[in-house]
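In what follows, structures are represented as structure tokens.
Below, subunit A partners subunit B and then partners subunit C, in two separate complexes.
Moving on, here comes the complex of A and B:
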């Protein structure tokens, strides 16, 4: 370590720390502040301090609560689903069979594609009239489905699309975790007569606990902040079925011009997200018994 | 000629030998792999094939479904011609420019900060490091709307800096460089500095050439995040002059009229193919960088 040139480390740090402070931390504070002000649409155009009015207005709005409900339901399903599927995918592409490299490259392709391209692609493929999926269903003499056009099917369909794009990405982390497990450990378990399932339960799962925690928290953050699919495909509908909270907050701010309400919604959302993430850390913490 | 092909690769077993080595127990694995490959590839293949044909042909081959839907029947580039006529090329150039400048900026910021964290002792170091790590946990999307208000207040809407500067606050890149620099042997740095070279010169001469792998991974990471970014540019730079690729794609896509499907196919294909071309050759680099930033962070 170098101590002599006392200014050097600070000079090296100034750009990074300034950028992080201004563009990562100040927006949180600015959002909190904005949530206590009117949306600036008064005659003078000035923003007025309105206390908790934005929150009160939000709480009186059934659309908001419906959006909260939809977001929680979406996350309660999609996060465990993505963690489970990505672990299974990682186990699969970690199998030592000939040609596995080819399949690994193929199955990880979606990691490069943006979520809105995935949303548009699946939106077209799942179109109720001309989508290729309904075309295939018809060929197999199965009934065609409305998918995003139906209030009951929109949410499961959205979960499917988000899982398609998310699972390969999160599987990468499990794959790395699996490749970090020494072969001797699994070999020793097999010699001791452990079945494949026992080895999975008692060796792989505990050794992957840190990866699991990371993936669970990261999927939670990614899925709680999901925006593009409702924006591009459903406009939050039909009848609010896919009105996820980020999309709802955006609509408040940018369609209805209620920036204060939007900021209040985001502030509450960040607080809830932090609690959920903290709970996930607690639940998945390795137990030492 | 053909029977001499295996001799060209004397180290590996022939395809037939490898095929013979596949055990019967592996069959369920292959079934699962092939099923998943279909699920992954079907929409991508359909989008790409459909982008080279007319909307009418696409509909004809979908209802009822024919496997011709997965091949560009009646090949045409009309959809591509039309999106490029209405400014898609401009969006690609905008995005490439923004992404390249962001990559360079992130490298400068990441290398300097990463080096300071890895190689210096100074006051409040722990505090600053925690600030960097915590910034990784704050979802960027959640601060998009208040950040937009800030950009609006300082008059940056529809500017290049609005697209570039906030993206430079990239904690992941700083983290990657710190982890890498912490492993460089001290003797190398001492040698670089023994002839009285200043820190910046020692960095350029010794440290940066060593860190080429991290530079590649960080560049891919940052380039992809700019190429794929959508919510932010949609808010701060919707203007045609500053329009980014994903915004252009979504503007074609959001107007989902059955008449312009071919435009959606073509624009989505371009938006998907560029990152695929980048990730495929660099997949290993990219994966290792994601993994090291994620699992340890």
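Moving on, here comes the complex of A and C:
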């Protein structure tokens, strides 16, 4: 009887574990294995074991290193930006003012739009020839902008689009976190004479630390694995300015037919991502535990 | 794919047969019932219905089903599905320059027995050349292409310019001058239909006497960064940036042309039918493909080929479809529908000699047929995907103002790196 009860939680976990195994761990292992094989460039299409050759090839490839640099730069900006903006948005829509439900709906609406549709819509709006944004700039007698066509503007524009898409979604988590903070605690702080900023810093931020950790880690994973916007909007250009690592790996595998190189790139990337996430957990670990 | 047996399908088929028989009273029992049909799948972005329907009608035991995807998806789906050894495709659409690449990977079933020499001789020689790899026929050319220079007569005459006649070949220098005269406000002077793909741009360096790839099909350093390439693509860069006569960014040159926002363009012969059918509110003409002053006549050719997936479970049916799709009847169906330019010599001769092709716009067809004589295929290299993709990025950078020498040198280095794996 005791044994059966002890086993029950594990039985409930089995379906989820099986799905994770099939959809996560097996592909990771398959990818790792693929990274040690050649491209199958023979008349029979047979694969050859090449050891670490695919990794050596990558390390010797300036395009790969440029892609790593672009990905790190993109993430160094977009992750803190998304976390900060979504926290601000959550604080804004957490106010108890008349009509707040309407504004909440309005501000959270982009969640309902798929990332692909949003990217295409922004691509049209920011089109340098016929986009509405340049139309407005022209109307205001301001110079039109190349946006995605310019190597200097493409990355900031992509960050803007990705942030617009991501912020409402991550704000939902902060909103849930904020609504979980007992009102009495904030009231007590106010009675004790704490300013709004002091209450935010001394009460809200510590009590939101678990939510912040989750949002930071989740945005990091989402943005490190970002694929659709560069694929749909910039094709990695101009001059590799938006050649994020996932897009680069996809191109190696499915445009150049170099599945081994692509798998090696993804394997390395997974290792880097795990280190970054571990560091984030370490830095944002709640101090009061 | 195995023949499918569905009870519901059988009942439906029986019902349909009975209804048709009752209605026409001329019904004859078909030799093959629906459940015995072999279904084969063709992944393509081409308007294949007209030929597929004709084939299906003549071959009651085979049903070709089109899996329609976009142009870019054809390449990606082929890579993913053929690369994984999938049998989900029977008939493969192969862009001519990829035959070598697919052949090297073992993604195409050899077709020599199904298409002996006398059958192959029906196609234009350059197309047969690009169908073969390692001495084996791996694909068949269903279409062909050539390029023409199209212009809006009214936009040109408003700028005081008379466009070239049907036998007159303008130089790129003349095109530049006319484009500068025509460009104003939101009207652009000139653009290529495929403005960032090597297919339509390779005549620029080739017209200056350069190769597009080394004889080994792999070397590009010293070729795509040579003087001819740099000077040709410096002109291309200036079109977009200095003279601003060619539109930048994501554009649809065909839409711009029919909306009178583009005065001149280079397009394939398929545009003749579509422009004529569009009943445009302006007068347009076509002329031979431009050349550099004192340069060589070079016109892009090649088009789509069909191949058979070696992992297909229905190779025999797929080959039968290829035999039909590569034949004169299918070529005529596609040509008459205005979808393509034929790969069969007999049809090209017919176009030139057809008395109906003396009046405009049909008079443009013999110009296109004559241009086929100057056709050059795209580079035959196992790394065509890499070659094309890296050059497309370089061309985009040039459209955005990059320096021709820098962009082409970078592209040459990147392509050389990617080609290493084929050496």
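Just so we're on the same page, the second predicted complex is superposed on the first by the 267 of 289 C-alpha atoms of A that agree within 3 Å, B and C clash if a C-alpha of one lies under 4 Å from a C-alpha of the other, contacts with A are read in each partner's own complex, and residues count from 1 in each chain.
Here is the rule we use: contacts are C-beta pairs under 8 Å (C-beta built on N, C-alpha and C of every residue); 3 or more make two chains touch, one makes a residue touch a chain.
Predicted model, so just to flag it, every value in this text is computed and none were measured.
Engineer: Kindly classify A:236 by the partners it touches after superposition: subunit B alone (first), subunit C alone (second), both, or neither?
Structural biologist: After superposing on A, A:236 lies in contact with subunit C but is clear of subunit B.
Engineer: Does the superposition put A:63 against subunit B (first), subunit C (second), both, or neither?
Structural biologist: second
Engineer: Considering only the touch criterion stated at the top, classify A:128 as touching first (subunit B), second (subunit C), both, or neither.
Structural biologist: Touch partner of A:128: subunit C, not subunit B.
Engineer: Scan A:17 for contacts with subunit B and subunit C and give back first, second, both or neither.
Structural biologist: The first partner, subunit B, only.
Engineer: So in the superposed three-chain picture, is A:254 touching just subunit B, just subunit C, both, or none of them (first/second/both/neither)?
Structural biologist: Both partners, subunit B and subunit C.
Engineer: For the three-chain arrangement built by superposition, which of subunit B and subunit C touches the greater number of subunit A residues?
Structural biologist: It is B that touches the greater number of subunit A residues.
Engineer: Jot down the residues of subunit A that show up as touching in both complexes, subunit B in one and subunit C in the other.
Structural biologist: In subunit A, positions 123, 129, 253-254, 259 sit in both the subunit B and subunit C interfaces.
Engineer: What residues on subunit A touch subunit B, complex-wise?
Structural biologist: Answer in residue numbers: 1-3, 5-6, 8-10, 12-13, 15-17, 19-28, 30-31, 34, 89, 92-93, 95, 97-100, 103, 105-117, 120-125, 129-132, 134-136, 138-139, 164, 168, 172-173, 175-177, 210-211, 214, 218, 221-222, 224-225, 227-228, 231-232, 246, 249-250, 253-254, 259, 262-263, 266, 269-270, 273, 277.
Engineer: Which residues, counting only subunit C, touch subunit A once they are in their complex?
Structural biologist: Touch list, subunit C to subunit A: 75-76, 79-80, 83, 85, 101, 103-107, 134, 247-251, 382-383, 385-386, 389, 393, 396-397, 399-400, 402, 414, 417-418, 421-422.
Engineer: For the complex, give me every residue of subunit B touching subunit A.
Structural biologist: The contact residues of subunit B facing subunit A are 18-19, 21-22, 26, 29-30, 32-33, 36-37, 39-44, 46-47, 58-59, 61-65, 69, 108-110, 112-113, 115-117, 119-122, 125, 128, 131-132, 135, 137-143, 145-147, 149-150, 165-166, 168-169, 171, 174, 199, 224, 227-231, 235, 246, 249-250, 253-254, 256, 258, 261, 264-265, 268, 271-272, 275-276, 278-280, 283, 286-288, 290-291, 294-295, 297.
Engineer: In the complex, go through subunit A and note every residue touching subunit C.
Structural biologist: Within the complex, subunit A contacts subunit C at residues 38-45, 61, 63, 123, 127-129, 146, 149-151, 235-240, 251, 253-259.
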